[in-house]
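Below is one structure; the comments refer to it alone.
Chain nomenclature is as follows: A, B, C and D, assigned in order of appearance, with residue numbering initiated at 1 for each chain independently.
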Amino acid sequence: MTVQGTNSAIRVGASILRDYLVLVMIAALVALTALIEPKFLSPENLTNIMFQFGPLMMVALGTTFVIIGGFIDLSIAGTINLVAVVTISLIQPMGQVPALLTGLATGTVCGALNSVLILSSGALTQAEALFMTFGLSTVYSAIALLYSHGSTMHFWDITASKSIFQAIGSGSLGFLSWSFVIFLISLAALWVFQEMTAEGRAVRLTGGNKTAARLAGVRISRSIVVIYAIGGFMAALGAIVLFSRVTTASPVIGVGYETNAILAVVVGGTTLKGGKGSVLRTVMGVLLVVLMSNCLNLLGVSTYLQVVAEGAILTFAIWLDNRKHM
Amino acid sequence: MDSGGSEVILSIKDVCKSFPGVKALDKVSIDVKRAMVHGIVGENGAGKSTLMKILSGVYEKDSGTVVFDGQQIEHTTPQQSMQRGLAIIYQELNLVNTMSVGENVLLGRFREMKGMRGTHAKARELLDRIGSKIGTTRLVSELSVSEKQMVEIAKALSFESKLIIMDEPSSSLTAEEMCELVKIIQQLKDQGISIIYISHKLDEIFEFCDNVSVMRDGRVIDTKPKSEFTRNELIMQMVGREIENEYPERPQRVGEVLMEVRSINTRKLHDVSFSLHKGEILGFVGLVGAGRTEIVRALFGADRVRGHQVLIEGKPTPILNPRDAIGAGFGFIPEDRKLQGLVLPFSVESNISMASFRKFTRLGFLRKSIEKEIGTRQVKALSVKTPSTKVPVVNLSGGNQQKCIVGRWLEISPSILIMDEPTKGIDVGAKYEIYMLMKDIAERGGAIILISSELPEVLNMSNRVLTVFEGRITGEFDPKVTSADKIMSAALGFDGECS
Amino acid sequence: MNGTGKGATLYKILTKQKALIAILVMLIGMLFSHSNFYSAFNLLQMLSSTSILLILAFGVTLTIIAGGCDLSIGGIMVVAGIVSIKLMNAGMPMGLAIFLAILFGTVVGFVNGFLAVHQKTEPFIITLGIGLLLTGVAQQLTNAHPVPAQNPSFMMIGNGYFHGVPNLVIIMLVLFALTYWLMRYTEFGRNLYAIGGDYEVARYSGIDVIRTKWLAFVISGTMAALAGVLLSSELNTGSAVYGETTALVVNCGVVVGGTSFAGGIGGIPQSALGLLVFGLLGNSMNMLNISSYFQIMLQGAVIVAIIWLDSYAQKRKREAV
Amino acid sequence: MARIRKAVLIGLVLLVVAAFGVSAQAKVKAAFICQNMANESQAFSEKQFMKYGADFGLDMYTFDAKGDSQVESQLVMNCIAQQFKVIFLNPNDINAIVPSLMQAKRAGLIVGMFSSDLSPANQKYRDFYAGSNDVFAGKQAAEAFMKHFPNGAKIVEIGGQAGHDAQIKRHDGFHSVIDSSNIKVIDYKACQQWSTEQAMAIMEDDIVKYGHEIQGVFVHWDNGATGVIQAAKAADLKGLYIIGIDGNRAGYNQVLSGEQAVSISQDFVAMAKKDMELAQKVVKGQQVDPINYIPLNVIDKSTIKNFPVPQW
């Protein structure tokens, strides 16, 4: 009996380990880094991390729903490029609030456009969505390049008030950065959407089984538009946080965000098969990705080895996560 | 050829198999004789499929012995058992849809057949042996269900099989196709091949099986020659209790016209018009592919069909998508439970509540307590066997899964419930419960459109049946007064019956 | 679709072959341009410069037909190129260096296969991760400095001609024939189609699904490494920055050609056409002096258009009731 | 379906027609193969070629290598096929471009290097070079540090896109000088892209690690310096001696406001003009100097008034 008891305890332990694998990895990473480089836990560094995960977090939160809904979005990079150059260029002529709103609208429209093309073609598989949004990303990037003539725009070109963007970029509310506050608000809103609204449930059902959902009267077309629009909106928010942080916007500012976002979502434990997942898991995934780069920087690991380590840890995390579904 | 008759080709002794938490097989012993058709009956979950998978090498047994053709078999793979002469035709047809007939027949043996030409030649020869004229270069995805079955049989023959296991081959065959199958089984038997025939359908068991084994809860209850069984005895052994009737009485309160459908026209359907009365069960009889499913899908707005008219209580009601249909009072139980009906990894509760969002949302927000009530109510009302409403529906048995879908619609009390193959792959006990539900719905003033490939089911449950042949409605009958033969010939588009 | 005989067949081919239509449109369109598009030099160069992508595509096609995909090819390509040059510069004979570089691709393919097939991890995401890892390896190996090759005969592999035809084109054609034969006329190839068409059925039919599918990844890795060696030979340099978007472009090209991402449908010729669309489009746009940003836009638009049309045709087929 | 297909076809045909309407008759057909039009300094250079081409009797076309060495060598082939007389190019990789330049020379094209030159062994495959070279920019940066910190200092270096030609040369040039000085580079990291955000993140982490130890920062490009400045501001780290390269508006403004100490600028206008002038001479059969350095501008607080506001 005792042997069996220990066995089952081990089994329970192992399953917790697997379920919260990302947390375990984060803890290990934090412990290791703190041991070697005590400055890791300094308030300055914690502030750093808070600022650093802003843009990727926004983007990944949006991507979560696209993946829960059983689709994928590679157009994020293009959307970020476009939103960044459009928004920054409009601050001067339109004023900051209209520019902000136009930027968010642009992102949402890009997202909605993805879904419209996907729906109109009847492309209901992930692969079709993958390549279609890949093409659209190229198109959005090209529009951003055409719009900006390939040049970078800076804050000090803007004489009009840009206080909102400056606040988002580097301002703080108490000990929390504004970007962190925006993150908390978006997380709360998206969590409520995911857990408590009918549309959130519809998205999940769509991801679980499109045909069954449709035959039960779920409006899957609307769900698809909603997930891509959220994806686009959050990408726009990410773009705004991003260029506010660095105070400049170039038409290639979003390069790499789409794959990083998908990686973060999947590492967090949202499955690409659709139907399952959560924005909370995504938060953990992003935390791991951002912490990894922060830790490796502090440990003085070269950029090149960082990429190796990142790839290895992500591959390992995905592999382990997969083991638990087997 | 060996003398046949008494010689044992397959001997299973004390085979056990456990899965985590379940004892799937408990000391199962069966002997199958050469050139005989051995029927195995049992409810779902009785262990039939597990046993077959052990024989074919998909699973490994925990203990016991299997002797096939004089050889004791320990570890085996699907490939090895096929080469030994033990072939299996699974319930879900086992063909690659994207490949040609010929390549499917000889799947995985391209080299052995010396290339594409050899493959097609050999496939032709095998198909000819069972008298099938299917072109070997056709894509499997273009074949009808019965044609696919023929391809499966040809595939089994390609290994010079001594024993062919057929796992519920008839579940998607129409009566005509069934005749074809019976003929082939007879032929195979004459060639000295033994057959294990797994089925729910007692008619078939009594029609052509020589010996019958009954399984229940992972055990073999009894094995006897068919002639020594009575129908009731068989059912009793399967279910473990006595069932007086297979079907309840028909609903009694047919009222005035509830719905009128005028001229559905698509590429497959031609001028389909009919009416439905309150309190009625209306059956559709026809072959798979005759257009039965297409009619109800068009009605429900599941397919893109335009130009027809639906009048509900005299009012024209446009239905462009399933949502409109639900709004107009329809419910729809699709033919494929797993692909079209359920979201398998999701909980029982959310599968039941899927169609009644309106009931538990306010201002776009879910009210989970109400959702839970809905789930609990339906689970109780339909006596769904599940430990909790939070369990993923995939863990339930087929019958209980089906009840979840029924519960989904009962919750919104539809005035018209469409049921496409509602009892496919469900065991006898659960079937009866579903029949009772149908009767109940009808008698409370609802109307049901029933589609089934099991003719007795349609004839015994419906107040009225419509026969469908090649996209047209070819007749309207009262099954109480018309003979089954007559209805069947209308559904087959010809007069006469199979020999 | 109501036509008969040859007309119907032609119609069917046209509706199925979006990539072929796009190619024909471009070829016809270029007839009217006052450029030197239709010169043997240009056409051969175009083919030569698409060759490396084509070779990558042939390998990837195997994995996609088997129901997987391989996004690590970009990483394999750069590392293999760097490895071959580094070994050669360290004094190893050219043949051995190339062999070892290609062997490296085989090993990575083996690992990909282990993770994606044996361990049943989502191939899309796991090969993306492996690709990322390899990019880092390439940077680490070179300290992010391009490594020029010092052996002049190495350069001739990718830049030489054989009877007026670029070597790359000849190598590509040989590999085309080889992979075509493999997929069409061998049991391995047919089994890959079966596995992609229905994994479980293939398994029950006694096909060693794991080993066969695994082998597809190994071949894809090997071909990617070969392409990397050829690329490094063509440019006489190994560098970590090549092939950043290669993996997506190649996988996309394969799908544009008509090989289904769901598996089981498609083939080597389709993939070749799909990649040729990109090669031809780039070449034509340069010949027409279309400005850079419009080129980028047009390229994206063509991808969207072809995938859209393809999906739409499938939708129509699904909904034809 | 048919209608859509027809529309696509008509669209493509129209595009083709429109395109060859544009192609005018050539004076001397010349092409500028741009490194990457999505990179703003390269896009700016391209504009200079287009703007001043006619002044030198050249009919200028431009092509975009999109930052890809293989595309770039394909473009050289393309130019051969299109029978260009002259090509100017700014290679993504000075070694990778050589095989295609061999072909260009064989086909008799005049090849002018822009901004970066081939290695001495390969210089026979080009006619001339005009530029200021990133190696020099790196050296200049090092010298500026040595001038400002005669008694030595601790600085960090933040590189541009790993593996990119400019990143390599700026890094190598910088180290060829700084390594023999008493200035210590305590940390070096390159970015994955020319990304201001990545430069900022690296700087933030460096500040946590080294804090006030850091006296100066060499960042490979002025837009990256923007990120470094933001990071320093956020950490309230004052008095950093920041040097960037480019001399674009970002660098100019940052020097003007005192946030950045030095911006080392390459004069792309002069570079482009010089390249085209040389080409014109070679076409006429005149002898030219193969190597033409365009002086770098070291913009700091004291010299900034001598420079016009940059246009990019």
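By our rule, a residue touches a chain if its C-beta (ideal position, glycine included) is under 8 Å from a C-beta of that chain, and two chains touch if they have at least 3 such contacts.
Values in this document were obtained by computation on a predicted structure and should not be read as measured data.
Engineer: Report which of A-B and A-D is connected by more C-beta pairs in contact.
Structural biologist: Between A-B and A-D, the larger count of C-beta pairs in contact belongs to A-D.
Engineer: Would you kindly tell me how far, in whole Å, the mean C-alpha position of chain B lies from that of chain A?
Structural biologist: Here chain A and chain B have centroids separated by 45 Å.
Engineer: Taking each chain's centre as its mean C-alpha position, how far apart are chain A and chain D in Å?
Structural biologist: Chain centres of chain A and chain D, defined by C-alpha means, are spaced 32 Å apart.
Engineer: Roughly how far is chain A from chain C, centre to centre by C-alpha average, rounded to an integer in Å?
Structural biologist: 30
Engineer: How far is the middle of chain B from the middle of chain D, if each middle is the mean of its Cα atoms, in Å?
Structural biologist: 70
Engineer: What are the residues of chain C that contact at least two other chains?
Structural biologist: In chain C, residues 139, 144, 292-293, 296, 309, 312, 316, 319 touch at least two other chains, as defined above.
Engineer: Going through chain D residue by residue, note those that touch at least 2 other chains and give them in order.
Structural biologist: Expected reply: 37, 162, 190.
Engineer: Can you list every touching chain pair?
Structural biologist: A-B, A-C, A-D, B-C, C-D
Engineer: Flag every residue of chain A that touches chain D in the complex, lowest number first.
Structural biologist: Those residues of chain A that touch chain D are 37, 39-40, 42, 44-45, 47-48, 51-52, 55, 141, 145, 149-152, 154, 156-157, 169-170, 242, 245-248, 250-253, 255-256, 293-294, 297-298, 300, 302-304, 307.
Engineer: For the complex, which residues does chain A have touching chain B?
Structural biologist: Listed in rising order, the residues of chain A that touch chain B are 195-202, 204-205, 208-209, 211-219, 275-276.
Engineer: In the complex formed with chain C, which residues of chain D make contact?
Structural biologist: Per the stated touch rule, the residues are 1, 4-5, 8-9, 12-13, 15-17, 19-20, 22-23, 34, 37, 61-64, 66-71, 73-75, 77-78, 80-83, 92-93, 95-99, 102-103, 119, 161-165, 167-168, 190.
Engineer: Of all residues in chain D, which touch chain A in the complex?
Structural biologist: My answer: residues 37-40, 43-44, 159, 162, 187, 189-197, 200-202, 204-209, 223, 226-227, 230, 233-235, 248-250, 253, 257, 312.
Engineer: Per the contact definition, I'd like the list of chain C residues that touch chain D in the complex.
Structural biologist: 15, 21, 25-26, 29-30, 32-37, 39, 41-42, 45, 48-49, 52, 139, 142, 144-146, 148, 155, 158-159, 231, 234-237, 239-242, 244, 282-283, 286-293, 295-296, 305, 309, 312-313, 316
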